[in-house]
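Just so it is clear, A, B and C label the chains in written order, and each chain counts residues from 1 on its own.
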Amino acid sequence: MHNHDIDAVIESLLFAAGDEGLSISQLSAVLDISMQEAEITINRLKESYADQKNRGIHIVELAGAFQLATKREMTPYIKKLVESPVTSTLSQAALETLAIVAYRQPITRMTIEEIRGVKTDRPLHTLVSKGLIKEAGRAEGAGRAILYGTTHEFLDYFGLNDLSQLPALTEDIDGAEGEEETDLFFKSLQSSLGADQPADHE
Amino acid sequence: MHNHDIDAVIESLLFAAGDEGLSISQLSAVLDISMQEAEITINRLKESYADQKNRGIHIVELAGAFQLATKREMTPYIKKLVESPVTSTLSQAALETLAIVAYRQPITRMTIEEIRGVKTDRPLHTLVSKGLIKEAGRAEGAGRAILYGTTHEFLDYFGLNDLSQLPALTEDIDGAEGEEETDLFFKSLQSSLGADQPADHE
Amino acid sequence: MEYSVKVDAFEGPLDLLLHLIQGLEIDIYDIPMAEISEQYMLYIRAMKVLELNLASEYLVMASTLLAIKSRMLLPKHEESWDHDDAPFEEEDPRDELVERLIEYRKYKHAAVELKEKEQERGSFYTKAPVDLSQFETQKQDSLEELQIDLHDLLGAFNKLMRRKKLKKPMSTKISRQEVSIDKRMEEILTDLRKLNGPKLFHEMFPITEKPHMVISFLAVLELMKRNEITIRQEHNFSDILVEAFEGVNLVAQP
């Protein structure tokens, strides 16, 4: 399996893992090396990222998981990026969050984060402050978490009369695959097979 | 502002921007350099990432924005760890429709249907709901029919930087592609319908 | 959910015609109308047998084909009234059809290339943007300045869907077992013989995975054709029953 430089493989894995990070045991499983070896390697890499002056990201360890993050001294530049006039539209994070709230309301922050796979409190905050979404009740159960929904302004802004005018998604927002045209034949085949078969195999 | 290595700064910016990507103008604004300089720098970095064997990520240019992505040869490792995308791939009908829109935009549904020879409202609907095409104005004349065009997301989805990167249309190609399943299906159908028809038409 | 079963496998009459032209190794610029019409009608019939909801476009094309065919059979007596001897370009009744086919084929091929690009793009991994809202300035842009529309929303969502998520558990990949039609036929037959009685049609499809279902379906068709099994239905909408014929025939005997 190791036709590739182990440093490169680990970098790509850390990158893909994102906020969730990678544990030593995951690394050892994917790389097919011992836990000890995985630990030595990741720590060597960690030092190397930190030392290289031409690198803007480094490896941090949080709660036993390693993840990539921008180096602290880069913060002023990132701040400048956010402030630059070119970026005056809603961020990708905010747009994603808004889409999820619009289609799945009422919805809690936790569910949104499950769908997006990343922390989402700030984008939610942005959207609330722009008046596009609002608190729309509380979830049942222990935490009584805030439920979010879109506002009247949201409809106004997008020129909709009501939520039913949102374009239908072909894909379920949970990530389950929607009905695809090519599948219709098989769907109808399945349905002709009787209801005791699970109709969807998504 | 430039106390830091410009390569490091760009890496951190790219990392922060994620799949939202960074444009040349954003780079030039944040780094306080000319557009030309920004372009030269990012392209130099792009090459350097590609060349370094110990790097698992590289810089790609999608829809006019630069972003970080894992190198292709890393895919097998990442697949052991990360879910494959939930997005179902586009159906043949949707791809055909999209091809027509991409090459002939702006274009009305009627013209698309003339070319395809079949009703095309469903594929159009799918494409709009995936954000791959959008209403791009109205046709002159009585009906003022909707004109469709491709979106930013279309470029990103197909890994294109701009529309000029679309593969050239060719008139004459002889190639069997993707016909096998069809053949298998109809062959068995034909043979089950009776032997008076030539079962193979290959 | 609405059930508008598409005439599957083909993207319309033009697609079907291209398939036939390719299969019959016909020159697209010189289509033998009799042959192509006959083949076309065969497919239409097959789709009807399958009770696929045949889109009206297919029938329109069928009549177009027949019309062209009969126009080509008409005796050519143009010469008789070709008064001046100007080189008179006789119009081929097939011209318009050929033009449409070639135009459609261009985009069909472009679609194939797009599919490749889709897959290529799908093979690399990107990451979500870091949440940067902590750096946002106090002065919030007003909604009007945002300049986003629904398409941006849908585009962002599509992008999100493309992004890969980290698996919670390390999953062990179930390697997909390829089943051959022969093997599936044998399974079905052994099963039915052991039972010595009828089985419900849907029981032919124990695994609801597309490839397996197709193979099972084809296996049932083939077994019917070989008279190894019989299929009956007591009345409309009742269960379809599958039963093995008594006999000693073995499937797939070399």
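Definition applied: a contact is a pair of C-beta atoms (placed from the backbone, for glycine too) under 8 Å apart; a residue touches a chain by one contact, two chains touch by 3 or more.
Keep in mind that what you see is a predicted model, and the values were worked out from it rather than measured.
The most central chain, judged by C-alpha centres against the centre of all protein C-alpha atoms, is B.
Chain centre most remote from that of chain A: C (centre = mean of CA atoms).
Centroid to centroid, with C-alpha atoms defining each point, chain B and chain C lie 22 Å apart. Here the CA centre of chain A is 34 Å from the CA centre of chain C.
A separation of 21 Å divides the Cα centre of chain A from that of chain B. Across the assembly, chain C contributes residues 6, 9, 125, 127-130, 132, 152-157, 159, 161, 163-166, 170, 214 that each touch 2 or more other chains. Multi-chain contact residues of chain A (touching two or more other chains): 12, 15-17, 26, 29, 70, 78, 81, 91-93, 167, 169, 171, 175, 181-182. Chain C contributes residues 1, 3-6, 8-9, 52, 125, 127-137, 140-141, 143, 145-150, 152-157, 159-161, 163-166, 170, 200-202, 205, 208-210, 213-214, 217, 239 to its touches with chain A in the complex.
By the touch criterion stated above, chain A contacts chain B in their complex at residues 1, 4-5, 7-13, 15-17, 22, 26, 29-31, 52-57, 68, 70-71, 73-74, 76-78, 80-81, 84-87, 91-93, 167-171, 175-178, 180-182. Interface residues of chain C facing chain B in the complex, by the touch rule stated above, are 6, 9-15, 19-20, 22-24, 39, 42-43, 45-46, 49-50, 55, 57, 61, 100, 102-115, 117-130, 132, 151-159, 161-167, 170, 214, 218, 221-222, 224-225. Residues of chain A that touch chain C in their complex: 12, 15-20, 26, 29, 70, 78-79, 81-83, 88-96, 98-100, 102-103, 115-123, 125-126, 129-132, 153, 157-158, 166-167, 169, 171, 173, 175, 179, 181-191, 193-194, 196-198, 201.
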